[in-house]
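Both of the next two complexes hold chain A, though its partner changes from chain B to chain C.
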Partner chain A sequence: MLTDTRPARQRTIPRYQRVPRWHRMDMKVSPYLYIAPFFVLFGVFGLFPLLYTGYVSLLGWRTDTAGSEHTFVGLANYGKLLHDQFFWNALKNTLAIGVISTGPQLLLALGLAHLLNYKLRGRTLFRMSVLVPNVTSVAAVTVIFVQLFGRDYGLINYVLGLFGVKHLDWQAGTWSSWIAISVIVTWRWTGYNALIYLAGMQAIPFELYESAALDGASRWRQFRSITIPMLRPTILFTVIVSTIGALQLFGEPLLFNQSQTPETGGSQHQFQVMAVYTYEMFLGNGKFGYGAAISWAMFLVIVVIVAINLTLARRLRGVEE
Partner chain B sequence: MTVVEPVRRRGRRDGQLSAGKGTYALLGAVVLISLFPLYWTFVAASRTNSDIDRVPPSLIPGGNLFANLGKAFHETEMRLALINSFLVASTITISVVLTSTLAGFAFAKLRFRGRNLLLAGLVATMMVPTQLGIIPLYIMMSQWLHWNDHIQALIVPAAASAFGVFFIRQYLVTALPTELLEAARVDGCSTLRIYWNIVLPVARPAAAVLGMLTFMTAWNDFYWPRVVLTPQNPTVQVALSTLAGGYLVDYSVLLAGALIATLPMLVVFVVMGRQILDGIMQGAIKA
Partner chain C sequence: MRTAFRRAAAVVGAGLVLAGPALAGCGKSGSPSSGSTGPVTLTVNLYGDFGYKPLYEKYRQTHPNVTIKENVTDFDTHHKNLQQHLVAGAGTADLEAIENGQVAGYQSQAAKFENFLDSGVEKSRWTDQKVRAASSPDGKVLFGVGTDIGGLALCYRSDLLKAAGLGDTPEAVGAKLKSWDDFVNLGHEFRAKTPDKNVKWYDAASNVFNAIVAQADKGLYDESGKVIVETNPAVKAAWDQTIKSIQDGESAGLAAFTPQWNTGFQKGGFATITCPSWMMAYIKDQAKETAGKWNIVTIPGTGGGNWGGSYLTVPKQGRNRAAAIELAKWLTAPEQQAELFKSKGNFPSDQNLWKTADITNYKDDFFGGAPVGKIFSESMLNLHYQPLGAHAGEIGNVIGNALVSVEQGKATPDDAWKKALADVKNLTG
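On to the complex of A and B.
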């Protein structure tokens, strides 16, 4: 077409290629019309709040003080944060529960995926069964586990008692509450992650295993030298998604606390995580400005932890190669 | 006792190793752990509070299920909660599937200025944790729009999903042949007709998975509903948390509440679990 230098009239354009004007308008405008509903909704209720949080965090806005929504305090909220022992406590609890819930969970998921990767009778049934915990709601699961973790009549203490362990008051202790909450998270997410690993495993060419077996590599060696390296992108993906999820944990620690003020996270705040602390500050105490500062701090923590994860993953790869 | 084990005892077929007894035993244990808490919920919900406190605990269902369900409905606004949850989850699902297929189609197959930039921005926002915006969202709902304690406060913010757009876009890029679109254009089809008559039918499998995942997420959502609703106009999850926050907790009633909150999702899962399973595993490969 570009080389066609004849006058326009002499060009023979087949009838079907003649595009009516409304059609050209349609081609030009339609794409924007189609993405508009998404971007309008997303802009107003997704993007705007994200940016506005930053602004609110610079205000002394609290619901008990009229006019405080216009009090600009600069970085004072962030300064206060650095000296707030409850913030550091919440950060500590979040990181601890994050490690205890994510680490074992992903290792278990890897093992479970390995088992599910065998040729199985009733394959679909197994896969669906391990996914069931993931479709139940956080609120229901936590309520159920609070009963199972009950001090006097809980099934878990009963079973532990059979092995001579004294009845634990799971909510009262720091470590015991961290472990109990991590058990709830692990129960709900292991199967889901196992299925993600399984999908990754099934994409590994079987010839790799065959030639390794011919070279006399043991099963364990094959798992370490073929499965794990081939799964690395998938593992990285699950580590990051689970980390982001764990750092935002809310329902489990809130409802694990059986009290009229569950947002305290236990009598000594022993399992108050960052999301729950934010909730206590802005909803319980009406401190919008301070709560927004905590939100940003939490976002920063998430970014830092994800960055550390990525760096570690890269370094591990470097070591093995 | 045979001296030489047959080399192919665990025969290799289709590139997979057959499972031994140990594998089945371990998997059986995992399945048991996955399902037991739900079975226990059913047992506890069908007994009385004093039954649950018995040592050793009884593992067989009793005859008190309907009495406990009745109490759960009586002590909270559970009927309203169920209606609210269904309304919220289905409205969100319809809206997310519509907005995602429209935008996903545009991003996958239409040319327009700024397409790549907008798509990159969309993917970037998927990484930002949703909790970051919760305080401004609460300010909007409580002080500007006065939607507090109304279910549109749950529906509208969740009506569009960046993940949904990306998910549908990824699917359509490969599943929708560009030649088909060109042929339709040559025949004089408007873009809207193409969307309705070609894109939607092609996108159906992905849209179904997105719809189910969206419905479940909306049904199970807890943080935002807990923030913006009250026990007088709750969703099921909020009503359940009200039940759990009482001074004297009757566990048989509480677990009956947990059963109400879970059962609809379990039914959905039993009916359509295969697609959800496939969706998660296909999504995993693409990710």
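On to the complex of A and C.
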């Protein structure tokens, strides 16, 4: 009988077993640890608040009533929301500002990207500088635009005045305030979208343009028949991201209001968007339950609109293919 | 006091709102460390400049172990932060200021503040109004000690009135301003006679409206804490009177605490303004170059009414509550209140001071040497109790916004009133 009398340590172990246990653990666990920071942060600052807000939205919790933090009211807050003229007003304002800011913004971005795609001197500088408005803080940008849109001494009114237009009180009117806010949003996000388009454009094979040029297609024709169709997935992405951004609009309309009550969105709530209305109810008036319900309703509205967006986009693609 | 700063910070604050509850329960630390002589750092959260800086220096002479850190934010952000931090259970400063129109909103949370009655504060120092607004509903907890009070007067530009031939001395002007009808009528006359047609009679309709309502027996709330905006004839009457003056072209339409309003002080865009004593400091800040061009008279109507004024509170979540209570008591003691009136224009809420020669003899050169001490003392004696409720400040703002929409020409008076009522319902319902 043959017995291995060497000390256990010196025995030959099959290769697969030679990997130490901690190493195998490392192989299995490490990937999770690497992605953990995101999920931990998302859990703490994303998921938990989301769920907790959902829970709060079922309560009648408000600061002006002592002991109301534990009163369960079921879906009453949501029921109330359906008849709340201020909520519908906020939804209307959000959609309107969303449309008049997202549309021009994406068109401008497309044009800008097209220009940046040419061989220009100092191209990188131009490409980087379009991103500057986006990396500037929303507060700083809005404060400056509020000066520009000033009623009495604003630059924009001054220029309009040269053409004989009477001084506009931009905050006072419905359309004027919508346009002003849209301009701020457009200023901030056009460059960002342009860079995304630019990246998409650079992935388009050059040969397509070459052969089109040989066939005698003009620049405009090339843009329409090659660039746009090839960019479709990118365009779809920007449309969805911009739509979500527009529906969550908050800083610009809040800071655009110069009054003592910025959360009202104008003297008649003419530019009070959904997020600002949530803020007014939640913090301004201390109606935590109701504010949370608006917050969730806003979430649902975003989901619905993005779903419509996607369906339409799929359909469009289907038609052309 | 009520000062408006710009509010970029509000955005950041709002972003943290939803994370607030997650932090709840982290900050229940500290016990009142009474009579300690070890180094203590006290944080003081204020809205606007209360003029406390020199007083802190003075306090340190007798309390060398105390370091005081003051944080100033704007009115709106300050109160939202406080509310948020109280609910979250963490984040308040050792001392927190609360404004008069907001204070009743904290009554339901009185248990979250130190009770000043437990540390030997006498209620009798203040008027019933000032005490009740900062007490729990049963009156057993006094959670705020009064700093200044916003008794009303009327500030006017004597040079502009003189130019319109309406006389410039307080005697001459005061004699023409007995009632609010007088005020509106004199405004009409002023507009007709003023050589510079760009000068309006008053700054903002909301300031006139608030002054008229502040003088009524009951304003926005009744005794039981119910909102009576819709049913109280005094409110509608004040609205109608204010609307009449807007339609007459008397309002400059400069919404209070906006940059345009501030510019209005500098450019002389209006001849009169509702003037609680803290407004004197605001005017001096905004328009230094108008020194000597102003004067003050008794407010039309009952000669009373209140706008603003503040309290200091000590939230229970603070770490150095005993030291904080001591500082709050010291800052609101009669000597300091009297000093702040003379240095800053904030009229003392301590009613015993109203009779002292130190206060009543005080005159202010910026306002043409007007006997401001006497005027505000008399205004305080005309002040009577008016029930306040949780949302008094917000309701005032809602109606103010409705008046702004009329001033902007964006709404008819009827629509604006209806909208204001709907807003009030939404606020309280």
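The criterion applied here is as follows: the second predicted complex is superposed on the first by the 280 of 321 C-alpha atoms of A that agree within 3 Å, B and C clash if a C-alpha of one lies under 4 Å from a C-alpha of the other, contacts with A are read in each partner's own complex, and residues count from 1 in each chain.
The rule we apply is simple: contacts are C-beta pairs under 8 Å (C-beta built on N, C-alpha and C of every residue); 3 or more make two chains touch, one makes a residue touch a chain.
All figures in this text were calculated on a predicted structure; none of them were measured in a lab.
K.L.:
Could you classify chain B and chain C on chain A, in the superposed arrangement, as clash or fit?
P.N.:
The answer is clash.
K.L.:
First (chain B), second (chain C), both or neither: which does A:139 touch?
P.N.:
In the superposed model, A:139 contacts both chain B and chain C.
K.L.:
According to the stated criteria, A:251 is in contact with first (chain B), second (chain C), both, or neither; which is it?
P.N.:
both
K.L.:
Check whether A:66 is in contact with chain B, with chain C, with both or with neither, and answer first, second, both or neither.
P.N.:
After superposition on chain A, A:66 lies in contact with chain C alone.
K.L.:
Just to be sure I read the superposition right, which of the two partners does A:296 touch: chain B = first, chain C = second, or both, or neither?
P.N.:
A:296 sits against chain B, while chain C stays out of touch.
K.L.:
Kindly classify A:152 by the partners it touches after superposition: chain B alone (first), chain C alone (second), both, or neither?
P.N.:
both
K.L.:
Identify the partner contact of A:118: answer first if only chain B is touched, second if only chain C is, both if each is, neither if none is.
P.N.:
Only chain B; A:118 stays clear of chain C.
K.L.:
Of the partners chain B and chain C, which touch A:49 in the superposed model: first, second, both, neither?
P.N.:
both
K.L.:
Return the chain, chain B or chain C, that is in touch with more residues of chain A.
P.N.:
Higher number of touched chain A residues: B.
K.L.:
State whether A:37 touches chain B only (first), chain C only (second), both chains, or neither.
P.N.:
A:37 contacts chain B only, not chain C.
K.L.:
Please work out whether A:203 is in contact with chain B alone, chain C alone, both, or neither, and reply first, second, both or neither.
P.N.:
In the superposed model, A:203 contacts chain B only, not chain C.
K.L.:
In the superposed model, where does chain B crash into chain C, at 130-138, 202-210, 256-264 or 274-282?
P.N.:
Residues of chain B that run into chain C: 130-138.
K.L.:
Using the superposition described at the top, list the residues of chain A that contact chain B and also contact chain C.
P.N.:
Common to the two interfaces on chain A: residues 45, 48-50, 52-53, 56, 138-140, 143, 150, 152-153, 250-251, 254-255, 258-260, 262, 279, 282-283, 288, 295.
K.L.:
Mind pulling up the chain A residues that touch chain B in the complex?
P.N.:
It comes out as residues 16-17, 20, 23, 26-28, 30-32, 34-35, 37-39, 41-42, 45-50, 52-53, 56, 112, 115-121, 124, 126-133, 135-141, 143-148, 150, 152-153, 155, 158, 187, 191-192, 195-196, 198-200, 203, 206, 234, 237, 244, 247-248, 250-251, 254-255, 258-260, 262, 275, 278-279, 282-283, 288, 291-292, 295-296, 298-299, 302.
K.L.:
Considering only the defined contacts, which chain C positions touch chain A in the complex?
P.N.:
Within the complex, chain C touches chain A at residues 4, 6-8, 10-11, 13-14, 17-19, 21-22, 75-76, 80, 83-84, 87, 105, 108-109, 255-260, 263, 390-391, 394, 397-398, 400-402, 404-405, 408-411, 416, 419, 422-423, 426-428.
K.L.:
Please name which positions on chain B make contact with chain A in the complex.
P.N.:
Listed in rising order, the residues are 13-20, 23-24, 26-27, 30-31, 33-35, 37-38, 40-41, 44, 52-57, 98-100, 102-103, 105-107, 110-112, 115, 118, 125, 128-140, 156-157, 159-160, 162, 165, 185-186, 188, 190-192, 195, 216, 219-220, 222-223, 226-227, 236-237, 240-241, 243-245, 247, 249, 251, 254-255, 257-259, 261-262, 265-266, 268-269, 273-274, 276-277, 280-282, 284-285, 287.
K.L.:
Which bits of chain A are touching chain C when the two form their complex?
P.N.:
Residue list for chain A touching chain C: 44-45, 48-50, 52-53, 56, 63-66, 84-86, 138-140, 143, 150-153, 169, 172-173, 250-251, 254-255, 258-262, 264, 267-268, 270, 279, 282-286, 288, 295.
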